[in-house]
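Labels for the chains are A, B, C and D, by order of writing; each one numbers its residues from 1.
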């Protein structure tokens, strides 16, 4: 490798959620510095929850992130329900899963089409694409609208859900609405196929780096809510032992904490789920994976977007199956399940679009007294930096702007959600 | 037609959900892209120009260093619109203003309490003059499209000074008070089509109040429905913390 | 006009039959309340309902109504005046009185063609109230407990069948060709008389004075301190005016597409209880306090409409009383004004 | 010739405006502009002084505006309005150039009962923009000057640059058969006239109350003070006339906004005598 000096300083990465900077400093071919800096202001959510009635927690924490608001709300509800000994009904579980699929679809479509695809199509955003490839943009908007409408029917709206509440729902979709959604999901299949075709054509940068992949897991289904924590390095942990997996650490250059489990870093998100839970994907999704040339265990982080496309296929099909189940049972106007106790501690976990999310609450007499939230992007930060350290030496021969672009694309592939990762709390429990 | 107005989006402390709602509104109104020229929108695009006529600012100001950035936007833009509750009211971020700032910092950072130069979250209007507001957490898509239409017509977006109950009744929702829930509808600015009561939950006041809210009478209503003083305070300080604190101070 | 009998068992068929010709709307259940809504299948119709959240007025004066469409360039305009022929089923007698008032309002002075068009295309099938619908209604005081003569058909529940009064040519039209109606027998007439006789005592008077005294009582109460008390209590939420069958004030708005070329002008229900109702450019508000706005509302209901249109502006449906979270009700308000008035007289007499 | 009102009534919807063309605009001040409008051929406005029209800018909205030209001078389907730029519709109007179309409905309201003024002395008291509706009446009276007694005009304005219709004002001040006095609240360096609120002009004129009609139009704050002055001079309550501004959405007595107690200002007004409204608390 030629001795070379290189400095990359990307201020506010674009097409990601929240503010982050990339700093790379190579002197005489030696990597001196390689960091992803989180410059988002801390949001103090855990502190804000203190003293609030437990019913408000999911409404407040959904405001951590506008993109995975349903995910935060669901993890929050699960934490509260476990703390207060509430067992949601089967209908609630089904509706929450369907709602969750809506969010996974919405977020993945946004990321794959509007944030990642422009890189491969040589444009700076989806806006010029509207002129050059209107069919692609309109397809993305169409698919996103259906995902949004799916959320809307169940919880009122995707960004900051309304009807999700502790123990159940405050509103139910009608049978007619579900039937209409099912029809639209079926009609969306050609768009899903076209999405697979599009990403078949985009060739992802060639970069492999093996790491530990962590996701929630259930034997019986491709898991997004509850389950156990599972690793490709082997081992499973109950959700309530999440701390022994995440091992949060404060690092100096970032307002978000880093995590590590068996190695120095691990990855969460669509690729991790794909690697951990491949067997649970439905057949259409598996077929799409073959078509897209991705198989477990895939160690190219750029393939995270491709794994998202596989999940799009899975979620569309599973949504149809879930609606069929709900229709067969018929929607019942259930009152939310009341708490079994008013004090306790609970952990809720979900695999949101960007990876595994944990909410942990301590509740006393119906009021939150302690809270901790561990966000996927926070868990990915150490792994992103490890990838950057691995990537930079392999592309040092390229001009600076190419290096910068490759790094930015790498970070973007993780679909980072920086505003939520800036949560910073020395967890205190009473 | 006159050339398209140039529009830029900025965010400070927020969840970026309002900007996502802007992206979402393209689903029903792709023609938005024909009507305006978006020149800066970090969340969704890499292209960037610093020459713009209309600036939409999302998020609240939570640290002294944001102030200069906000002022710079004001200097460049002819029209500044506050986008969403964080920018309009301080939003959910302002919940922490109920506690002493130093205490919050210590709770969060322990002995490193003074590491981060954050201060009490405040609306954008606390820093600069704001020409118009799109309230809500998140903003309402239809209201956004209407606001853009008004800007194209050369007038300021205006939110009618009407309470939520009006919209709620027009939707023939069953009033959530009759279902044992709390609602700030009678004092909250309408415009979201009473979406929370429509989905079975009481209004949380994310859009701020009408010009003459009758807080006193609403408190009585809540007490009558068995809501404790504590829960009342809690509900009133979900989005309106800054207003409630200002009222308490004035007394 | 004539009187017929329809067995209840035939009603579903009748509804289906009507639906093939008209849009049929009527009371249907929503959670534990009722709303007027389109009836898509006969089982959705609940003729035996207490009251509805919004009155059936919404089909004659929709909450948002397009007045005309326009193009901004060239100023081409087209009035929107093609309502769908609609049968409103199950209108209570108070709401029928309200419609009578709305008819007068919109036909007096400048006639409102939009209202007229809808009204002409509307078939009113009213129903006799045999029991007080809610704890809030006071129709007996307001004289709205029996149906005015504006119905097309009027139903009376006779147990297993409905007595059907045909009030108009349009009413005939709703039955023409429908086989399951027949002429009443002597027995049926006796039955009707009996039902009507039994109904009356079930309703009580709730005013402490006679309604004919109401306009004078109000005139004497212009300066009453009670308005200020109401003003302190009132939330200014406007619900009372949204649910009222005799409120018809509106705002007008233009809506255009994003290319600013085409649009329409709509009118939207407005409320005299909101701050900006009487605000003019320059910031002057001609009814600036909640107290004055409450007074205006009650004067309209109890006095102004009577003087302008010969019909009293409140029909005693009780919807506003049920909606108001701070329990401001016409019965309480009018009785309290009466009490204070009497008290004032007594004090005067003493001194 | 069809009158515009008849066209309005006969059209499918009373809420639908008729397109009129802006044939000329004159900027009077920074805020006020006069628009000369022409109705489609074959139409006449046929208004009375004191009446108003509803002016539409399609896509923005509608606003009630008084007709400021007198019937005697509004022929061939043309008439004038004077518009102050204060908000959405009025701003949009100011942006329109001659040749543009604008929507008109009306004329509405009952106007001033000019035949009852015949043979009497008339005291006009316009304040600010109030001169717009009064100009219609003043010019109508001046065009039949012989039918009236003394004509007195007391005009008050914020500052000299806010004075409306300055050419006509000069003409009125010049004419021997008109007593015209002007005052401003805030003079500039060139102002040599009276300074002070409008009531400071009253001492300048003698009034014979028995044969006097007074017409007062201006901002709401002005009415009470002028009224005291006029009553103090002994003018009969039925001979003191006002024009009222209220929020108006329809102009035809339906929308409810302009109600003062039971009275629809758009129908029974906007011109009222003091005798008619003195018992109405919401009027003054």
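Everything below uses one rule, namely that contacts are C-beta pairs under 8 Å (C-beta built on N, C-alpha and C of every residue); 3 or more make two chains touch, one makes a residue touch a chain.
From a predicted model like this one, the values you see are computed outputs, not experimental measurements.
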**Report entry** Chain ID, smallest distance between chain and overall C-alpha centroids
**Finding:** B
Requested in this report: Look at the interfaces B-D and B-C and say which one is made up of more C-beta pairs in contact.
Outcome: B-C
Query raised in the report: Hey, how far is the Cα centre of chain B from the one of chain D, in Å?
Result: 43
Query - Whole-Å gap between the CA centroids of chain A and chain C - result: 52
Requested in this report: With chain centres taken as the means of their Cα atoms, state the distance from chain B to chain C in Å.
Outcome: 37
Report summary line: In whole angstrom, the CA-centroid distance of chain A from chain B equals 25
Query raised in the report: In chain D, what residues contact two or more other chains?
Result: 59-60
Query - Two or more partner chains touched - positions in chain C - result: 256, 260
Query raised in the report: So which bits of chain B are touching at least two other chains?
Result: 153
Query raised in the report: Using the touch rule from the top of the page, what pairs of chains touch, sorted by label?
Result: A-B, B-C, B-D, C-D
Report task. Would you tell me which residues of chain B are touching chain A in their complex? Result -> 12-21, 23-24, 26-28, 30, 33, 38, 41-48, 62-63, 66, 91-93, 95-96, 99, 104, 107-110, 116, 118, 137-138, 195-196, 198-201, 204, 230-231, 234, 238
Query raised in the report: Which residues of chain D touch chain B in their complex?
Result: 59-60, 88, 91-92, 95
Report summary line: In the complex, the residues of chain C that touch chain D are 67-68, 70-72, 74-75, 77, 79-81, 105-106, 109-114, 222, 248-254, 256, 260, 263, 265, 267, 270, 272, 277-282, 284, 286-287, 292, 296, 299, 303-304, 307-308
Report task. Please name which positions on chain A make contact with chain B in the complex. Result -> 12, 14-18, 40-44, 46-48, 50-53, 56, 59-60, 63-67, 69, 110, 114-115, 118, 124-128, 130, 137-138, 141-142, 144-145, 148, 155-160, 162-163, 165, 169-171, 255, 419-420, 424-426, 428
Query raised in the report: Along chain C, where are the residues that touch chain B in the complex?
Result: 30-33, 35, 53-54, 63, 232-239, 242-243, 255-260, 269, 271, 274-276, 290, 323, 325-326
